[in-house]
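Sharing a structure here in structure tokens format.
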């Protein structure tokens, strides 16, 4: 227990050095963080200084209607990185997938953390909240809605991790059987950061936490509550295949010449143009690759309602009906109606001709 | 006795509707470019003289009765009806401010033939009783007396006698089986009898057999100007009957613009069949004689002179090359106006405007267009080939105190004929 | 997103049906009227002269150009700009390809962007000219301003969508598609029909003049 208290008291800088991270490595991380958050290089020393002195914040991680993919994304990095260390540095006081304790003990830990850090702790949520029936998702006899409301009451901020928490995600997809809603649908009186994605990029999660640690505040958000630094530009705008789009070179199938040459996947339904995320620059698995690079179009997983956006393999702006198959009928109807209108006109014309009264010089005037 | 009514007018509008007009109305985007082609707009700056605006009543009939959407709009009470008041308001635009010159039809970017529509719109106006008194009078005289200016055959016979006595030439009348039957305009009979003399001299030299019909010598057609096909038909038919009776091969249209349109282009459609004879314009015939060497001239005019292209003969008649071929034969110092040939500006008196006293003030005003064309050139003489243009230009020049003699091309050619006695 | 799905689904279907049927009605309504046979002896052939006028009227007559340079130049700029953005922007080609199966190469998006900006400015200038030029102002009625609006909106929303000036993207994309659908629905009932009927009009004009021996 003493050992534990000692650990809590350590600053981030102390902890990193304990783990064998050099000063240079730390500064490198600070620079990367600065550039990731679009801050000027002059800010690096300030970031370093802030992080150096940062104390462990208490984090309560609530998992509702989710698949644990978001947690996997954070924890399954195959080599230790400074990002994990940041993650290690936080005091994860409650996370029912990761924590050893279970049942009443686990809930007691959550309550203790809330009590001890009143007004200062961060709530991270993954998964959506079912409003259809509280019984759809219950933890230790407490419904998701009740747990969220009571946990958030004393929080400093809420981070909705993953598209389910941020926008409702898969549980909310049509026909939304559980009546799933997002965190921001429930939480109105606390700052909520949406770190969307299915799953979100680990760096983005740590980036938000790093920002909080550095500045004690939340980063600038877009209209959907997402950090601008990561979600400010579309996949399409930063995609390395963009030049092919501009030239009109498209893969038609997943194994044609165009696909092999790495042409644009727009026709195969890539949602890059409507999707805002950092995949194209940050990439996945320690910068190994990302979906478009691996040959598949973007699904738009960081956008609201992406499951219901009209099919993963339908191109974005293209009508998704089969009206063209009805074209013959439409044209036929047009010709028939046009012929009818024409016949009516012809009839009017010839009626007028037969109603014609010869104009003579005797009827040039009006009788008035 | 029947009378003109709005119903008859509307019926006439309906009757005149056809695919060209429907396509024209469908295409207009109100770009206003026709205004800049119309001397009534350019010389007054009044937007109501924009050519397409002159067709508003006709356009309404088209929209309300010949388009599905327009019919719906009418049902919903969303369209303005065509009433007596509307036609009364538009009458001066259609008759006083349009000479049917067709210049607007040459510039419309979507290809609307606006003068073609005005000609047809007048059918509706006249049937509804909205035609200017001047043209009504001319039409009555044309039908009852035989000529819009009231010229009867005895007056023509007197002129013929006069010319024959003066020159010793023969002017054949009612000779059967000759090649050509010549028509005259009243203006030529009364104001420019030199034309008849010129014909006699040229035909004598070229060995052309010709005649004038005492029954149908009048070429002008007030029916075309007032816009009544019924009246125009009756007038054209007189010529057709006379030509058939005299068994001529050709009918010569004189130096008169709308007469050519009437007899050459509208005539067969008015009587509903092709003619048994051909119609040639006098300039076409002269050019043909020139080309075949039967027309011999001597001497050249060295005055600086220009040619006013009569709209109905050149732009709307297609007699493009003959005037210049003939001029080059007798003139060494010929210059073209700016915007020559099919883009020439109207004298301002065509399409019945000259017969419409009400339009006189406006007509004089828009003559400024011709005036400025002439001012640019500084010519000694103006040549033209339409008695009406000639009269209007003379009036205009007088009004603006410009001393430029106006000459008919046929007469000018006649003056340069090789004198056969001296050969 | 529901909005985008609607405009791209049922919305597009409705617009396309109205557009196609409307155009066919309007064209047949005109063409079936026909014209009477012309008994006058032709001086020239109608067909060739008519076809020539269909082409030559694309260029302004010299004097008219001098007298209305703004209308001519403005008209060219926005028409050409509109067609470039409509037919050479890659997603539009994709849409046409998906709808009728025809495809052709597009041009670079940033070039389209510049053209679109010029077109928008030209359209605004044309509107200003319509409101201030005495003839155009006199002639113009609600229909003229309606047709301007429905032509302008797709350009504007397209520009906003391309630059993501409205959030979220599916909303602005949906607005863009909706504005085009509005254009398609309004098209057959207004003077926008000139885009088709000008060919008929020019042909008749050229043919009737050509018959008289004049190339109009």
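The letters A, B and C name the chains in turn, as written, and every chain counts its residues from 1.
The rule is simple: a residue touches a chain if its C-beta (ideal position, glycine included) is under 8 Å from a C-beta of that chain, and two chains touch if they have at least 3 such contacts.
Just so it is clear, the model here is predicted, and its values are computed rather than measured.
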Chain closest to the assembly centre - both centres taken as Cα means: C
Centroid comparison with subunit B (C-alpha atoms), farthest chain: A
Selected pair, greater C-beta contact count between B-C and A-C: B-C
Distance between chain centroids, defined by C-alpha means - subunit A, subunit B (Å): 77
Whole-Å gap between the CA centroids of subunit A and subunit C: 39
Between subunit C and subunit B, distance of the C-alpha-averaged centres to the nearest whole Å: 38
Per-residue overlap in subunit B, given as positions that touch at least 2 other chains: 17-18, 22, 66, 68
Shared interface positions of subunit C, touching two or more other chains: 25-26, 29, 31-34
Sites on subunit A at which at least two other chains make contact: 341, 345, 349
Subunit A contact footprint on subunit B (complex, rising order): 1-5, 8, 11-12, 14-15, 17-18, 22, 65-66, 68, 126-129, 131, 136, 139-140, 143-144, 226, 228-231
Complex contact set, residues of subunit B against subunit C: 17-20, 22-24, 26-33, 35-37, 41-42, 45, 47-48, 50, 52-53, 66-69, 105-113, 116, 264-269, 272-275, 278-279, 314-320, 339, 342-343
In the complex, subunit A residues that touch subunit C: 222-224, 234, 245-248, 250, 266-267, 273-274, 276, 303-305, 308-310, 315-321, 323-324, 327, 330-331, 333-335, 337-339, 341-343, 345-346, 349
Complex contacts: residues of subunit C adjacent to subunit B: 25-26, 29-36, 38-41, 43-44, 53-54, 57-58, 60-61, 63-64, 67-68, 71-72, 75, 133-140, 144, 147, 188-189, 191, 193-194, 197-198, 200-206, 208-209, 212-216
Residue ranges of subunit A touching subunit B (in the complex, touch as defined): 341, 345, 348-349, 351-353, 355-367
